[in-house]
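Take a look at the structures below.
There are two complexes below, and they share chain A, which is joined by chain B in the first and by chain C in the second.
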Partner chain A sequence: MKRSITRLLMAPSVIMLLVWMIIPLSMTIYFSTIRYNLLYPGQNNFVGLMNFEFFITDPGFIPAVSNTLILLLSVLIITVVLGVMLSALIDKPFFGQGIVRVLLISPFFIMPTVNALIWKNMMMNPVYGIFAWISESLGFEPIDWLSSYPLVSIIIMVSWQWLPFAILVFVTALQSQDTEQKEAAQMDGATGLHIFRYLTIPHLARPIAVVVMIETIFLLAVFAEIFVSTGGGPGYDSTNLAYLIYNQALLQYDVGVASAGGLFAVLLANIVAFFLIRAVGKNLTV
Partner chain B sequence: MTLNQQRKLKTILTGLFAWTVALVLFFPIFWMFITSFKTELQAISVPPSLFFEPTLDNFRIVQERSDYIHHAWNSVVTSFGSTIIALVIAIPAAYSMAFFPGKRTKDILLWMLSTKMLPAVGVLVPIYILCRDYGLLDSKTALVIIFTLMNLPIIVWMLFSYFKDLPKEILEAARMDGATPWDEVVKVVLPLSVGAISSTALLSIVLCWNEAFWSLNLTASDAAPLTAMIASYSSPEGLFWAKLSAASTLACAPIVIFGWFCQKQLVQGLTFGAVK
Partner chain C sequence: MTYLAITDLQKHYDSYHALRGINLSITEGEFVVFVGPSGCGKSTLLRTIAGLESSTGGSIELDGRDITEVASSKRDLAMVFQSYALYPHMTVADNLSFALRLAKVSDAEIKEKVRSVSASLQLDALLERKPKELSGGQRQRVAIGRAIVRQPKVFLFDEPLSNLDAALRVQMRLELARLHKKLGTTMIYVTHDQVEAMTLADRVVILNAGQIEQVGTPLELYRQPNSRFVAEFIGTPKMNLIAANKIVRHEDNLAIELLGQQILFPAKRLKGPLPDSVVVGIRPEHMTLVEEGGDLSGRIELVEHLGSEAYAHLQLSSDQTIIIKAPARTELKDGQEVSLKIDISEIILFNENDRVISVIPEEA
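Now for the complex of A and B:
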């Protein structure tokens, strides 16, 4: 087929994505260099890099960046490590496998706003929540999760959502593992731990890469869980970059500073993507 | 203990362990479901009550107060609408990249995926302002457009990885028989990839249904899908857990049940075919 036709077929997708990327991004770049507060219309003079200065010196900036990274790394580690261990343990036939699979994947389908509300109220509430009841039954003081450990609470919510996904991907991958190889290793006296380390882990390299990549895309942008549960607080303790920028733009009406923040988020995402592609990109074939 | 007994014990232990993990992870959803049938007093009773007389009042109140049907309809329109549009745009692109790869095909694919790495907050302000200027704030149109673009890269990539694995000989045979490119796609490629296309569509629908960033920031009431409706239950209704649970159950039930039926295809789809 002619080159021109293949180009024509690709054109709608490519053009739409290009427009989707370029127009908002260039507007963001433009807004970030002018004074633009919705409360003071008409005073949009050029201010150079002042918005960036404001954003970077904002008291929320350092906590937001570190919270974003802590959230990303903790959830990645929790879901991948627990996911690999749990899937290796349940990768054998047992009673009711189908139902277990269905139960396991369910949290992945729960919308983030509902996720946050269930955990905030029914699980973590210090008076009426399930956690409070458990710790009281065991004779401990109940913990007020959202105000004492806000970031940990968010990490729990987000991990709860993504762990099922990781488990399911790994279980699916393990089903294609060579059982003869495993049996041969067993014959030669390899322990379960050896098999896990030298056969299972290498077999999972590619699925792990896929899970890390997909989760990173979504974890850098966690918003609804924070919006609904902690509102970024107390203080900036559970504010991530997405929430900080939202705060600047739609609550303080400062479009200029928010745009500068948006560009910073893009930069951070690119840095993470760069390391990510170097670390796991080898395992992703196109 | 004989070897056989040992093996049996191992199976039982594995089963017990797997069931424990599954039940613990599922517990919050189960609890939400149970609570939605309680009265407000039962919902906050300590110790938590497991046996009670179920009531449907909460569901009735949720429908009356926040018009569940209206928001559910918005969710259906935005997620199905954008998925259909995205598929129509993505299928030709994936087809042409998979069957007629050029030097830059790989770069184009990676670039497409990299637009997913672009955080939505980075472009929140301009999109908000564009929507405001064109009167698209709180409109389903804006959400459909954004959801389409949001999922387009993933859809193209997933379809590409399926198409790529189709045997090229079939297409050549069709061409020998005088099939036009149009015939090739409609009569050969599409029928062969019904499974792939449906699992891609499923994933896209789930992602749209649960999308919360754009729907929270760009809609208020008219076009608000279920994610936004639920957020309105966050603070003022904080202590009305039974109603909150009923609203949440209603919001999640369609997509969770939908997901249960398609979980196998979904997982395969979401891993870009890298896990078989």
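Now for the complex of A and C:
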């Protein structure tokens, strides 16, 4: 009796959540098995796995998958390594610490579109960008970042956006590190580097795991930066999965293939998550 | 011979003068306890010796070497912290061997040292565990083991027992005393607990407001405090203090008027000139309740029964209460009028500056 009342009361929210999840998923699965091109309305016949075949054999597919993974891993490495180093640097009190912290955190509050525009027009522009000016004043040829190194440019933009998140998490974690432990290590003959290596890094294992997981979720779906700056090009050089799907659905009007791509992205996210959780999850149980 | 010499040590924080000229010399193998109320500077003094705080004046010399400016890692001292400060992600064995590994001691030697230390502290079965899987007492032993394994010149203990429960504290106190006997290494121990100070120390250093108030063996401090602060700090319950406003010389004795009653105090026990007024200090254990004809009389306010003994709180006058140690199975009732006898040979006199002006009687 009691149990059935509990279930009854929980039912609305559970049903709501299920509907929320299942309807889009099942519609995507449905679309991925029919012919559904906006240019040919009314010809929605069942095609089986043909959409998947189209998506996987698309010339953009291999570059998109590898770009997605390169982007993910590069940004993860940059944000975690730089994040740990910068947080350790600003952990000790110094003059102007508050301002420095705010400045380090603030890129996180800038929306991705604006972020990409700033980098595209103010930093990386080959004519009036700051990088070009630096190259010229040093006597080098200015580099056209977005067309010469499109993926690197995207990685720089996204890292700049996500580094503050890592710093935010690591600074908070460092503040909870026990000072007596560091002092004990000092008495045991440890130098600053030893303390960083044997106490601080292990102390940060859990926050690092958290940063890696959360960033993975968002980095697999980077879109705005690519859309605003390189448009996925040149060729497929900076196209990732999210952009390829967009390309299929809205540039080639093929909702069916886009849905198949979406399902493939879900699969890829699960594979990545599986390995990441295996690799990082150990640390969560320290 | 002086092993650790502290000369005119000063420590200033921004606007706070934490150590005001500490002079202390410690001989090799001594167990010295720093004791004092909160904020007296005892922990600061220990941390300055350890090198975790820099001094702003004076010098520290260890075994003939000036270590005032030496980094704490190079001082050859080991410290046991109040929170134990074990490295949380390392096993007990790794915790014990951390300093040795940093010092690049050979694996075989590390293994042997860890083995002997863990055997002597009964940690053998725990070597593979992480600190969070240990009880408070076990963590404490690991922290001590981590200090011992390095064979330092001096052990520093910063309130190591204050996180343990009462029973365990007594047990660890005993183990520490044994350890000191076995190792014979110089130990400096900070505590706010006077029982730990009295039971462990060869010499106790009482600190007050950044200065050394008195240094002496536990018994010296108990019997011959040189100020009111020390007298009140040592002894449980606290020494009773009664102001006497009239004191006259009466042949070989001083007649001191206490709350309208007169007591006689041998004049030869007074050092210095006769003051105008004195404060009389009497320890609770140096008074006995009598039927009648005592030195003082009063009404019992409250009796605290501890089992082995009882503390009676006595109201002597409207603004003067004292505590007396009474036998365990006392028949005392609240509100009862009683009379008490003072053991004159044990009382201590203070002048208006809270300095002691009496000496202890020579043993008969």
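In this text, the second predicted complex is superposed on the first by the 266 of 286 C-alpha atoms of A that agree within 3 Å, B and C clash if a C-alpha of one lies under 4 Å from a C-alpha of the other, contacts with A are read in each partner's own complex, and residues count from 1 in each chain.
By definition in this document, contacts are C-beta pairs under 8 Å (C-beta built on N, C-alpha and C of every residue); 3 or more make two chains touch, one makes a residue touch a chain.
If you're wondering where the values come from, they're calculated on a predicted model, not measured in any experiment.
**Q** Judging by the criteria at the top, classify the pair chain B and chain C on chain A as clash or fit.
**A** Fit - chain B and chain C, as placed by superposing on chain A, sit side by side.
**Q** Is A:Leu199 touching anything from chain B or chain C once the two structures are fitted on A? First, second, both or neither.
**A** The second partner, chain C, only.
**Q** Please indicate which partner A:Ile23 is in contact with in the superposed arrangement: first for chain B, second for chain C, both, or neither.
**A** first
**Q** For A:Met10 in the superposed arrangement: first (chain B), second (chain C), both or neither?
**A** In the superposed model, A:Met10 contacts chain B only, not chain C.
**Q** Thinking of the overlay built on chain A, is A:Leu168 touched by chain B (first), by chain C (second), by both, or by neither?
**A** Touch partner of A:Leu168: chain B, not chain C.
**Q** Let me test your reading of the model: by the given contact rule, A:Ala184 touches which partner, first (chain B), second (chain C), both or neither?
**A** Touch partner of A:Ala184: chain C, not chain B.
**Q** Count the residues of chain A touched by chain B and by chain C, then name the partner with the higher count.
**A** Looking at chain A, the partner in contact with more of its residues is B.
**Q** Given the touch rule stated above, what does A:Ala273 touch, chain B (first), chain C (second), both, or neither?
**A** first
**Q** I want to verify one number. Taking the Cα centroids, what angle sits at chain A between chain B and chain C, in steps of 10 degrees?
**A** 70
**Q** Just how close are chain B and chain C at their nearest CA atoms in the overlay, in Å?
**A** Shortest inter-chain C-alpha distance (chain B to chain C): 6 Å.
**Q** Enumerate the residues of chain A that count as touching chain B in its complex and touching chain C in the other.
**A** 286
**Q** Can you list the residues on chain A that touch chain B in the complex?
**A** 1, 3, 5-7, 9-10, 12-14, 16-17, 20-21, 23-25, 27-28, 31, 86, 89-90, 92-97, 99-114, 116-123, 127-128, 130, 132-133, 136-137, 160, 163-165, 168-169, 172-173, 176, 206-207, 209-210, 214, 216-217, 220-221, 223-224, 227-229, 241-242, 245-246, 249-250, 255, 258-259, 261-263, 265-266, 269-270, 272-273, 284-286
**Q** Residue numbers of chain A touching chain C in their complex, please.
**A** Going by the criterion above, the answer is residues 178, 180-181, 183-191, 194, 198-199, 202-203, 205, 286.
**Q** Spell out the residues on chain C that touch chain A in their complex, using ranges where they run on.
**A** Going by the criterion above, the answer is residues 50-52, 71-74, 77-79, 81-83, 85-90, 98-99, 102-103, 146, 150.
**Q** Under the stated contact criterion, what part of chain B meets chain A in this complex?
**A** 10-12, 14-15, 17-19, 21-23, 25-26, 28-29, 31-32, 35, 44-48, 89-90, 92-93, 95-97, 100, 102, 105-106, 108-110, 112, 114-130, 148-149, 152-153, 156, 181, 206, 209-210, 212-213, 216-217, 226-228, 230-231, 233-234, 238, 241, 244-245, 248, 251-252, 255-256, 258-260, 263, 266-268, 270-272, 274-276
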